[in-house]
């Protein structure tokens, strides 16, 4: 499936993923209801919403782990059947393997796609771990890590590949403000370098405004509201008053 | 160990926990170094610090799960040996048992302390689940819950008892802003009702300022800096500009 | 249990009946293949064996029941010993150091070699037979439970320690639920071993038991009768196994259905 | 492995030697107690048995080696069959439905009943002996591995599915590491069973093997010789078990040391 | 009469047990006021263990087993001979049709006991040597023979007859050759504490032999099949040329030959005397 470059040329719409009337439930009341959504190539979307509304479920749908009960999902104009190699997902549960050290976990996605040079791989991992502040911890097992260190390890696993779609479920929830800011920077850099589409869940309105070109608000009824983000990439003063006003506006929306 | 009432009367110092020159490491470089700390009865402390500095470790020390390598910990003027019933801890890893439904998990702490009337127990649990927005989910197993729902379940387990020391490790990290605020309110109410000492870890500066009478800042060297919090309990306008200024000041301190 | 769950299990049970049937059928298939390839009187034709069934049918029931009673007692007692012992070995480093080597030492010794001791101490009756079976399976259960309890995340123990849970409550709320899947797994294995070890236990001084039945058919070189016995034993086995599966589904509802 | 880890394991190994010794000692203790209470010549005095050792010592080594070779081959082959089969049964619902009932059916049947078939098909030599042992332990391994693989969290499979991992990589990075503890657990159990089943396998047409040694001492009613054999078998067993423990500690470093 | 005398007796499912089984089932023991409990064993090993466990008053065995018991401090005595016949058979496809044909061939038996003794006797008489393939299990040995994996076996009846019927060649018979090794053994405790019971036992035993010799086999064969005997036992007994013999003694020379052989095999270390190991005084005069 190394045809994405061609695909990108052929498919002139600029749309990476398209959800049409997607509904989903776990056998009870609907979690996702009649969602229509278009994710542009290279754009970033923050997904917000109250706890338990279905954000993780939506990510799982987009990743191909769950099948819509109704409606359809298309990626690069093709119906999505199962998972794709070009989608990277970071789970809310992290799902680190207890038998992998930080280094091994970060290396694994590269080992999955064959035929790459070994040295290059190792260098890339080491560089990424450096950027995530994990260098000293690279030989530790998950149970020897702090919560935030575990989260960063899962992040490394998500960011190391070359995906065209990056799905991240609360990637910075266990990180302190300072670490968080550098990680956010890293995520943005990575996304722009790869020209990947980023869809990430966050409960941090600031993060939503900083990283998302568009804000997707999932409400309790299972429908999605798309909100433009005027604050995105305002270089000089990242967090001015206008930013905080937008924050307060979004919070009101959330309620 | 049902002597706490007497203890509180006898021990006039008003100090619940005292750490003297406490140091700790996991066999490598020191994580906690020479920490002196006094936690007053009925007060609340927010513990902040960068990821991996040792916040969870400090909580584990205070809970009696870890023993200081040097120094000593006293609770109610008695040296701490092992765990105490009157300490409630909520782990960062949540540590929900896969075989317990939300309801069973919340009920368990009550079952642990014998000799209570059954009806009263059930009512209390149902009321708390209601306040945590878990009523509809009470018969679900952890793997059927969303991240935030799991966190709230762990919270229920932490808040249901009658502890004199409440240790919470990032209790609201997976919650959206709205839910977070109501949960914060709940934690504060519970703490004040029990006149318990609250020590909680957070990465959310706002939360630190809202819930903590004092802010404890754990730096990379393993020492603790205690900072007064002028914003605590400012009723009328919870988040005015002064609040944000304090936020920015703390962030700078963190760096 | 709510109505919905009940319906769910009823559906499963129907499935299980199918499984039972299919287990039998697949065995018959293998048997027929063996019969056709080996072409030797030690493997009688399945068809003729079935025709032979009426000759032994009635007697077989009693033999099966006698064996079932022995195996049931032995497995029950072994669980009562093995589960606590396994838990204790996992929980206490001291006990582990003290007893694991002993278990390791005694485990590989063919338990039949202890037959004289058992006969000596407990006579030729059911007591010695049942004790022999217990002796054969109990170490296996101890090891399996110990290894299972070792898999409980340490943080779960911390949760319980935080409540200063009594050992009993630790068992009730943490250890037993956590090792339930292992108990079932080791039950399956030890059930198999104990049914197979009837071959030793029903070897002497008894006239009832499926082990005796098969053995005596064998010494008589009546292979059809022998295979009737084997078939009956297999049916008993698969019936018990399916029962275990159902029990596991009911008692460990949080495990298999994990779809997340 | 870093120097530190190496030092760590060297320390452990010293411990292990102690364990070996203690296993022997505790067995001797039980034996002495039995000897003193039973007072029957079927249980010889440990002391006199030790004095008897020089009479058999040299021969014993060869018997042990012969058995070890057979058991080693059988366990190796059984793992090669049982681990993939167990994984497959756990991974595929279809396969599980298809084969679990068959395994359930065949598992409790006393495998010795197949002795004639094995002799017929594979002769009297080592092949039939090894196949018999395999036949006895392989189903147990299959079930244990299947139950173990069932315990892998579903989300781990999702991680691998996300990479569209080939089945081989799934094995290498997820399944094998996840079931390693179960492999060890079932190795311990099947090693025990296979050593014990030498009693059948070395029962015919051989003059070498510890099973043969014990059995023939038994038929000769030479209980001192028999107990020398049992002691040697126990020692072989505990040696293999301790080896397994060490291997597990090296290969599963993330499991036991969980202090968090 | 009310049975008050008690004996527990251990048997193997072989020809020699038939009179004892019939004596029990036909009430001959009861007639003598004797209550016999029969414990049936599938292998000589289990039987020996039960003797050691002091669970039995008497057993069916042979001279070498008795000697081995004695060597190991188990005090039993030979009180009579038994009726049995060991056959030497060769495998269907071996082409061996007489005893000499076994020269240098593989013969399957259980070493150190009566089977090997009998084979040794035949080999000595015919001046050849053979190789032992040890297969203790009845069925294992017969299948090995029928599938030509061994060249010869030593087998008791009625299994021997069944093997012959399936193509094995009959090469010799211990009864025809006059080799006797089997015996009934009683513990010395039983002999001293309840000599009357043992005497009554033999009376009933002889009655059973007489019953066998005078009754059609079909009348009692179902009793035998209940005791693990194959159906073929009926055919075998019907075709028997010699009559069953009442309990008798074992020749001193025969006895001493076996003891010598057993000692050579390393089974025992002393030359036990005829007087030490036998006591035929319980036999009806």
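Every chain is named by a letter (A, B, C, D and E) in the order it is written, and numbering of its residues begins at 1.
The working rule: a contact is a pair of C-beta atoms (placed from the backbone, for glycine too) under 8 Å apart; a residue touches a chain by one contact, two chains touch by 3 or more.
Chain-to-protein mapping (UniProt): A, B = NitT/TauT family transport system ATP-binding protein; C, D = NitT/TauT family transport system permease protein.
In this text the structure is predicted, and so the values were computed from the model without any measurement.
S.K.: In terms of touching chains, how many steps apart are chain A and chain E, taking the shortest path?
M.R.: Contact-graph shortest path, chain A to chain E, evaluates to 2.
S.K.: If we define chain centres by averaging CA atoms, which chain lands farthest from chain B? Would you check?
M.R.: E
S.K.: Measure off the straight-line distance from the CA centroid of chain A to the CA centroid of chain C, and report it in whole Å.
M.R.: About 48 Å, centre to centre.
S.K.: Just the number, please: Cα centre separation of chain C and chain D in whole Å.
M.R.: Computed from C-alpha means, the inter-chain centre distance equals 18 Å.
S.K.: Taking each chain's centre as its mean C-alpha position, how far apart are chain B and chain E in Å?
M.R.: 83
S.K.: Mind checking the centre-to-centre distance between chain D and chain E? Centres are C-alpha means, answer in whole Å.
M.R.: 39
S.K.: At least two other chains touched by the same residue of chain D: list those residues.
M.R.: Where chain D meets two or more other chains at a single residue, that happens at 40, 42, 116, 120, 153-155, 218, 255, 258-260.
S.K.: Please list all residues of chain B that touch 2 or more other chains.
M.R.: 26, 93, 143-144
S.K.: Can you list every residue of chain E that touches 2 or more other chains, as numbers and ranges?
M.R.: Where chain E meets two or more other chains at a single residue, that happens at 49, 52-54, 139, 143, 147.
S.K.: Which residues of chain C touch chain E once you look at their complex with the stated criterion?
M.R.: Touching chain E from chain C are residues 40-42, 115-116, 119-120, 123-124, 203-205, 207, 215-216, 218-222.
S.K.: Residue numbers of chain C touching chain B in their complex, please.
M.R.: Those residues of chain C that touch chain B are 153, 155-156, 158-159, 161-165, 169, 173-174, 177-178, 180, 252-255, 258-260.
S.K.: Under the stated contact criterion, what part of chain A meets chain D in this complex?
M.R.: Listed in rising order, the residues are 63, 65, 82-85, 87-89, 91, 93, 95, 97-100, 108-109, 111-113, 141-144.
S.K.: Chain A touches which residues of chain B in the complex?
M.R.: 26, 48-52, 54-56, 92-93, 133, 137, 144-149, 152, 169-170, 173-180, 203, 205, 244, 251, 254-255
S.K.: Would you mind writing out the residues of chain E in touch with chain C in their complex?
M.R.: On the chain E side, the touching residues are 13, 39-43, 46-47, 49-50, 52-55, 138-139, 142-143, 146-147, 159, 162, 166, 228-231.
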